[in-house]
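In the part that follows, the structures are each spelled out as structure tokens.
Heads up, the next two complexes both have chain A, just with different partners, chain B and then chain C.
And then the complex of A and B:
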């Protein structure tokens, strides 16, 4: 593997850049009795900032000097606060009779009966979803006593897909992209899919923001494939992802054993559990990408061949897929932008989504387009419109011969299923608004007049807008 | 205009009367006029001759204007030709002549309008739409009414491509023509618009356009040339305007009204049923129910004890955690 020196800024190594990602980086063995031979590294001189003579442009009289005895926010502290996910509000009323999504009601028929009702997530589900970073701070989880979501028509359809995959005994894969207006519930539907798959015992992988992979905020290094073009691995991101996966699928990973022969880095016995393997990647970002490859190889072993236990189906989801459908912000050695599909991790998702790589044990690849922070990708837009028309057996809009399309994206989206999320039905709107009222967030009586009003003002039942208009709005 | 004209007419009338009554000859007048024009071209009634004429013209006031209108030019009179430099107030000024001329012209026009113009309608013919098959080209010129203007030489021609089918072009030729004209083609109306202002005169520009169209047609027809069949028509220059129409199903017909009414009635009935069965969820009710539930809950004994006021002396012990209740924790 290439060295970790960043080609963009040669002064600093990546280890310094992303210290948070490295979990443990022992300089020497912690309990060694022998003294270290090497001399201590020379101490760096502390950089003393020169007190500048100018104190800003404002007029400073003796009276208006501000006493600042608070410390300035530490690096990343404000971002952490901004990204904090709060899943409970003790001031909200506990909703009586709020059932959880569980294995019992996880069949199409049972869920169909529960349509337009709000279902909670059990504790294990919440822990797993939390580990996957599937909850987002903007989704209003902090308003209610505990996380719950509306069962809508599309949820039942997704469960139908999951059941269809399971019925195929591993030969079936569902590849889908969710899109729709802003606030129409794409990310939450993805979250529901993850929760349902997790309850069904699937292996769940979720990339909460595809943007993080392409905006050049995380390290990358070239990986030369034999006889192929240069691709780029993102070690630190892979490391973070492995940690999320480990936390969310702990129960599965500890039961599955390594069955194949791998050039495993580190001291890992051949029959060790997959958890041990993932741990290697979590500890060392440098090994994260090889570990990811080995893990994937292990997971996609056909269950009949694997000695380490039957492999579960895989649910692989990614939010904000529009960001990996264009050029990324990374530069190659010639200072040309790298296409997002040349980054190995997004590429892996794309290969699965487009069906070029198969899931021998079955599974589901689910991407969602983000509308709040939309990356411009006209090829994706056109591909979505085309695929939807093909799905509905209409004449698909032709590719304009005079517009430059992204060939990679065109190929990737070929034959991918799309699902457009629209507004809720009135019945579903009633379900969610009654839940708001039961939580004490709407004080009025939920009459059909109120529902119609909220539904109409929300652009035909866009659920995010209903929430904004009824619960979040403060007059 | 009326007032000065009237004044001049009156003046002319007076002159006529003078001419008829006096015995002045034409030569007189002419010589006077020559003299006069050299000395004073623009004279008007002067005050010098006024006292002499004051008495006489009163009788001739009612002279007909038209009686003298033909003769004024010759009939300019001069009473005192030998008095050089003196102004004859009975003569009409040149401005006056001009005004009279104008007036005459106006009358001529009015006469035309009254007598000749009604006859024009007998020449009217019904409008016939030009046959696009025979005249596919629509030319446009600009005139600035004789004024020199840089845009006056510009010539614009428009033609519908499908009209050229009558000129012996097949569909594939027309397709090639559409590709050849490039951004001049409007794909929504199938019209090509070409213009030229490169040359000095309108005729040259028109000639150029005509030649160009001929060349285009020849090129489109040419069997040996590239047919451009593999190249799609480029319409990037044109912005297609969506033509929104009021949806048919949104129209409020009688049936639709009845349908909506039925839907609303059903909803109302359902709502009423909900109210009867007490199934309406209200936030206030939920909050009240929760409050009642909390009130009913038995308070934990330690909390109740903490709520009890202690005698002053023991307050400090309680705070220090030395009371019996505190130790139980």
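And then the complex of A and C:
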């Protein structure tokens, strides 16, 4: 690429990074003043060369020739096919009497009565969750007629947290990390939290894979703070995140107005809607990070002070949080690995999770550990065990003096609530298995014997394993 | 709480029991009469033991015939037992055995015997299957987006009642019967169904196909591929049957297949399974030409051949995506193509059958029959 400024100091134009080769336009010499209106030079008659008897040095057999009558796949097309999220199976039976999660049944009492039942997501919820990339291709949504999830005990607890935050009129924040065995429903619980918060009119932000932020697959750029350490902004990731946020919170952003004085890039009027502000960041990756900062400043204005309408509480979630609790794969100018907490976007989440930065309008910061693609972070493991013990009023395990812990992670996890997800109860297992049967995916009668068997074989009701053992079984 | 194990029944059920005393000359007791029989340890003398007059000797106390015993029991209980005296030999049997009687038998019986003698000609059937075949091929007219099910998928009232009864029976598990103390849960009914045994827990077709999918002995990879294939069959749109390629008779409507992927797989494999293979016997035809002999295949052999053809066709497909599941994707697409009659496997099957028809004349060849 021609627009590289300096390959050493990492200060380079962000314009052409992470764009496909097809997007690069052919460049013309800058010093020419004459318009290029001349006709194309006449074509010379091509000299037809005799086909030589030897073509290349490789041995050519008839077997080697490939018939390429089809178009080769475009860049990223095959991966897109693999990562496609399908939310419907037209073969599955429509479950009669499947109710949706809605504003009416979003109270602790109402939801408590619906425990161990499966609830669908309404069309608006599905669109918002899809925009946030909260559905994952591995989660088996493609087996059922429409997206639905089991209301479990933990779901009701989360709704209780949301209600507790709302009751505090903006002074309360819940900071939590979900962990538990693989397939125990951490990501889906996060999805339920996002759906419920969105229905309650909260501003929802979701980072579906923290791994994408730290494996050095997206651009980064140093940002020097006066007198402080160097931090790194990830402009292209921020741009994508802003797009997801805009699509999921369109109804809120269009109603909120900019109230403070900002050095707004572009031609935004002072009283413009926040949607216009986000659009600036979505269009230009170079401006995505400043736009993110301004957006955050606007959203966290105390509602009493803001001129642009009352600010909603914020639900900020991140999946695979273990990936940002260690060194990242990025290198600094000295070719030393950069700690994930020095990357500005993960840092922002960590500041909120640890409570160093507050949410003046209230909200919830919810992280989830990934077990299927686990990053090694022994400090996080120990911190989770400690916090769990403290929460249950047990003696917390001491920090081992002979082990080198990550100070950043230790500080970040201080006082953070943890919730361990375990297997379903038998009633919940019955609820989900009856839903499978009514969708036509279990062909046997759902009896207590079958439920006990599936529950036991699934390691005590690990929901992912129940699904694997019943719906996806090779019977 | 009563004790779980009572000592008495245990003693009674004990397998170690004292052996019955054998009375020998060595341990003879005065006053106890020896029975007139030889035990296994007695001397093997020529003279057999004889019973005293009035006593019963060996082989004299034979068990009665079942019907005789039943008749006696019925007499004791004042009922009517089986008729012992009246039971005679059936006429047909007599006719079969005695030549003279056969000649003098009534005309009706002669004709009946003649009809039983010659069975129907092999290879012909007295009824036509054309109408049934047509009914199978006719596509169902339900649209895929229709929320309501087509009526054939809904159970009848009788089926529903039977199903409900079965559910009720199995969900309210009976408490353990009194005599089987010590079992927390009721014992299963014996013999166990085949899918409860670990070696036969999967459907036989799924089992065989999984093994055929396996490469380099990696069974777990093959199992994952199998699971992916079944999931794709579940989620792909219902196939449309083709009239040109009739599937096995008795195939369900196409809309039923996605919800029963095992049946889908079985139907695809069994429908293209060849009935025979061609064995080439070298030099049998003379002049160095191999003699082609059709050989019938067994069920597993037929399935194996069919799935190998499907695999060959699937490997040649072009994968559109990337990742681990592409192989499974291609196999699943080929299976759907088989059901829809688009697959090239059908031609292979047809080719083998045509060859077999042509080569059936060779079955009379002396190299095959062994006759000169």
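The rule is short, and it goes like this: the second predicted complex is superposed on the first by the 410 of 475 C-alpha atoms of A that agree within 3 Å, B and C clash if a C-alpha of one lies under 4 Å from a C-alpha of the other, contacts with A are read in each partner's own complex, and residues count from 1 in each chain.
The criterion applied here is as follows: a contact is a pair of C-beta atoms (placed from the backbone, for glycine too) under 8 Å apart; a residue touches a chain by one contact, two chains touch by 3 or more.
Small disclaimer: the values here were computed from a predicted structure and weren't measured.
Judged by the touch definition given at the top, the superposed model places A:251 against neither chain B nor chain C. Once the two complexes are overlaid on the shared chain, A:93 sits against chain B and chain C alike. Contacts of A:217 after superposition: neither chain B nor chain C is touched.
With both complexes superposed, C is the one of chain B and chain C in contact with more chain A residues. Of the two partner chains placed around the shared chain by superposition, neither chain B nor chain C is touched by A:307. When the shared chain is aligned, chain C comes close enough to touch A:79, but chain B does not. Looking at the shared chain after the overlay, A:269 reaches neither chain B nor chain C. Of the two partner chains, both chain B and chain C are touched by A:447. Touch criterion not met for A:407: it reaches neither chain B nor chain C.
On chain A, the surface touched by chain B in one complex and the surface touched by chain C in the other have residues 93-94, 440-441, 443, 445, 447-448 in common. Put simply, chain A touches chain B in their complex at residues 93-94, 401-402, 434, 436-448.
The part of chain B that touches chain A in the complex is made up of residues 232, 234-236, 267, 270-271, 280-287, 290. Across the complex, chain C meets chain A through its residues 144-145, 147, 149, 163, 166-167, 170-171, 173, 202-203, 206, 210, 223, 226-227, 230-231, 234-238, 258-260, 262, 318, 320-323, 325. Those residues of chain A that touch chain C in the shared complex are 70, 73, 78-79, 81-82, 86, 89-94, 142-143, 440-441, 443, 445, 447-449, 472-475.
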